[in-house]
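Each of the two complexes below includes chain A, the first together with chain B, the second together with chain C.
Coming up: the complex of A and B.
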């Protein structure tokens, strides 16, 4: 046989041919006019070709593997739905975690898709442009698959249908929204640190790994397949974030202080965003695989610590907030759950007091804090609820001007004292939840003085449904809040006695008997 | 010394990949969790194509790892033959 077989190209060769070799420098217009965004943050880049995706993933391979992932995912979803999988979850309380996830996560995936589409246009080098375009497509996929996986639950349970309307209006969704709004309105390099590093490296490792493993443990195959399928892309996303940080630090020593400030800022913003994930793990999963504190130690302290040690060769130091985050890991999940329990008329998901067994689990996992600070509060609420005096905080919360979390965190070193900080800008007073948020505010006061905080805006008549006359003499701010949020009243308040609880019990009964 | 790690969804293919990792990384520690498995190795974790092929009994492209991956930690380098995660510390 004299037929010649062309040798298959190696990974490195294929990557270089199909990314950098397909790009060109513009000649009709100078490159700096075509890519005007990458200079104004002060980051100096001398050679864009030094950026290489270590996965060396080319577009053809990307489509091949992504389509395979989608086929697997939708086969599992079909099987789960056809088999009435929603009735196989451990306990109907579990479904509330999906309601919180649906409101808080897919809309942020969509923002990430927008952000990375912008990065795919703004970055000068072909390597980062291709990687950012892939990430944009991934994020769009996550946004869609998350909604698809939960849509089956929406046929049976209350409080899921208005998540898109609620995203920019609900008080408790504003911390996540503000995280992405902040990132996307920053420059391209800061966006890469915010999302590629803080969001992907710190946050998604906790949300999509131990939390999703927990969802699987609770019988939710839909959340499991969606979560792990998304996280298989995140491994690439974390790598992109880490490569971006190393690239900036290797290109010019002047980049170090700018990158350090972003790492400090976004590590803290990521930490604040995780408080509600902690509550999902510790309080909302009926069966638990590990506590939020243990997940924090594994994925943030050890894994984040490894990264900071690795970056020390460039002069990066551990973020200033790191020690405070370690102190807070024993508190935030409890503070969050108690915060939500106290507002039964303001969320489209139910809350409850943990059972005595669950409280014992929390004592064991949080030996330094739970019995001392949080068990007494929960037991007090429980007694009040049983006496027909369910606690209901009807006032609007006060939110931090930077992270937009409700003010609920404690003073460092003093769990009995709430932490407030204030700054004056243009003669106006602005409140923040911590030293680190205050520092972020003081660095960019013009930006953060414009934060839209619905629970503050409502007092000015800016959060009303159509048809309400805010100038009427009897106008009362906040009276129409449920309509403004489009809150399903069946989804409010306690899990005990809810329609979801009754339906789940009745359907499960039907599923096991004639 | 920091750990490099990788986590996979549990399935038949990843079972072979995990076996290959354990063979090529004598210090590997396996953490079995519901529906996933996480493997930590001090400083440097390597996945060799040849070993995976031996375990699977078929040819294997390291990029197929994309299908089963959940998360990684460490600086990555991927070639046709090896997928390496390492920390410089």
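Coming up: the complex of A and C.
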């Protein structure tokens, strides 16, 4: 038979035909009008073809792998739900981890989906564009599977039912919201450093590994399966973030100071966001995996340190905030938990004082700080609670103008002193929680002066449910906060005595006894 | 830890999330599509304005002339969230894989009559660039569209078009001809037959109204192009030679049939919301339909020679009928 022997294509050559060879430089419309966003940040790209594809996955292979993963994942979720899997978790306190997670994570994965879609439209190299599009569609997967895995818990426990409504309204969720709003409103290269690199590469392990392992340790098959199933996607996302950094640095030496500033900024912003992961690990998981401090040492100091060593050949130095994060690793989880415990009327999850055993564990894991600074506070609160005088801070918090965390972190080197910084912009005073947040503010005051600080907005009458007349003579700002948040009273306050606690005990009794 | 749980029936405290109960008008179980879609995009209290377009909020209803009382009325009758979408595409790729394998195994491409092959590749292969443009334009809709109902469906359609561009590329490789791919790219860039079409998709790359991009790319252009090539032209080749091209473009045919259901539902819902929308849709549909006809005529002539006019006229009739079914009279 007269058959020409097919030329054997190498993987790289084949992938190139499947992606960049499809692209062309437009002529009916100028390229800078088709891709208008990639110059204004000052990043210089001379040759988009120098982009090294971080992974080579064509759509047919993508659909094959991903559909296999989805089939398995949903089979496990269905089984878990049908068999009342929620009753196999270690202790009903664990469910509060899911409440914290549902409010804070799927909404941010959604922003990642939208942000990477924008990158998948705006990057004018075909290689990065396809890689970003693939990450965008993966992020749809992540927020949807997370919601699907927690949906069944919502049927039985309080505090999860209004996460969609609360994502833009809850005071303590605005740090995460500001993080992603900040990234998505930045230019495309900064977005890639913020989300692709700082978040997905430097910090993702300390966010997801403790959550997934925590789920596994505490009998939550649903969340554990979702997490594990996402890991192979995350591996792709990490390589994309790293490739983007290398690409910018290899393209032009002028890019270095810009990239360095972004790495400094976003590593710090990410670190601030992780304070709540710390309190989850140290206080909220009934069966603990390791302390936040240990996780920080492993995932950030060791792995992150090695990464920055690797980037040193491009002139990148370790982020400025690194030494402060090392100092803070022994403090932030305690400060966060205590901060939330003090606001029992303002969160959709419960808080509690650790048991004596748990306090001993904390003493062992935090020999330098727990007994000295935090045990006394917790024991004092415990005694007050038992005496019927449960501490309840009803005042509106003061927030950092950049990270939007409540002001609760200490002055570097002095754990007994709260840290405050301020800047003046356009004659107005703005408060920040740290030197690093102040520096971020001072670099871009026009941006950060816009931050939506809910404790300020409440006083201006901007946080009221429909139907409240802010001009009425008897208007009292903040009186309707629970309605504004749609916060179910059953979800508030102490775990001890909560409906969750009683129901879980009764249901488990029913399921395990005759 | 494994706890032996007896199967017990527990009465749930609630059936679904609050935002879904309000939307459905009752506390009842919601489908996974509803859970994965409705009312999830932030709509308020944005922290900063985009540095790249400070005149807008991060998500902004005024990025299109279309207005909606409820943006989630633009829902997908296929009920695609990531899981169902990727399962559906997983099945389609399995079939496509089988088709490519079979063509390879039986040497069907090599056995294809040379004259027919040259003609067919001339028509099919530049379409990989059209699909690539479609991927980009759909990415625009998914980036700046309002609400997750439209953004996710556009995102999936955008990835689908990357898949189409890659399947067309594989078609070229299956016919064992990298030269044909290179020639097709030259034709796309310089060949007279393709320039109006290239102008059309490039003009869409700078169009700012995302809904107009959707109408122009998905309704007007693909509404004519897919039936023209993946249905009619395939039928012509099937009759004259063999069904190899039909086999190797099955994905595109199925995709168009399925995706049209989504698009028609979106157009119908937008038109039904208010009369201004309907008028706006009619204006865009006429404008881009007429331009698409100009863009596709030379391609139709390449494929159908003297019959091109008649084929195009019929396809325009069908497109008008689709618009009418969506409630828009053209």
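Note that in this section the second predicted complex is superposed on the first by the 504 of 514 C-alpha atoms of A that agree within 3 Å, B and C clash if a C-alpha of one lies under 4 Å from a C-alpha of the other, contacts with A are read in each partner's own complex, and residues count from 1 in each chain.
Basically, a contact is a pair of C-beta atoms (placed from the backbone, for glycine too) under 8 Å apart; a residue touches a chain by one contact, two chains touch by 3 or more.
These figures come from a predicted structure and were not determined experimentally.
Using the contact criterion defined above for the overlaid structures, shared-chain residue A:235 touches chain B, although it does not reach chain C. Taking chain A as the reference chain, the count of touched residues is higher for C when chain B and chain C are set side by side. Within the superposed three-chain model, A:205 lies in touch with chain B and out of touch with chain C [touch as defined at top]. Contacts of A:512 after superposition: chain C is touched, whereas chain B is not reached. By the touch criterion defined above, A:502 lies against neither chain B nor chain C after alignment on the C-alpha atoms of chain A. Shared-chain residue A:303: touches chain B; no touch with chain C.
When the two complexes are overlaid on their common chain A, residue A:68 makes contact with chain B and with chain C alike.
After overlaying the two complexes on the shared chain, residue contacts for A:60 are found with chain C alone; chain B is out of touch. By the document's definition of touching, of the two partners only chain C reaches A:33; chain B does not.
Contacts of A:156 after superposition: chain C is touched, whereas chain B is not reached. In the superposition on chain A, chain A positions 68 are in contact with chain B in one complex as well as with chain C in the other. Contact residues of chain A toward chain B in the complex are 10-12, 54-57, 61, 65, 68-69, 72, 205, 208-210, 213-214, 216-217, 224, 228, 231-232, 234-236, 238-239, 242, 246, 289, 302-303, 305-307, 309-310, 312-313.
Across the complex, chain A is touched by residues 1-8, 10, 12-19, 32, 35-36, 39-52, 58-59, 81-83, 86-87, 89-94, 96-97, 107, 110-111, 128-129, 131-132, 135-136, 139-140, 142-144, 148, 151-152, 155-156, 158-160, 162-163, 165-167, 169, 173, 176, 178, 181, 185, 188-189, 198-199, 202-203, 205-206 of chain C.
Listed in rising order, the residues of chain A touching chain C in the complex are 1-4, 6-7, 9, 14, 17-18, 21-24, 26-29, 33-34, 36-37, 40, 58-60, 62-64, 66-68, 70-71, 73-74, 83-84, 87-88, 90, 106-107, 110-111, 113-114, 117-118, 120-122, 129-130, 133-134, 136-137, 140-141, 143-145, 147-148, 151, 154-158, 160-165, 167-169, 174, 177-178, 181-182, 184-187, 219, 404, 447-448, 450-452, 454, 457, 486, 503, 507-508, 510-512. Interface residues of chain B, counted against chain A in their complex, comprise 2-5, 7, 9, 33-36, 63-64, 66-80, 87-89.
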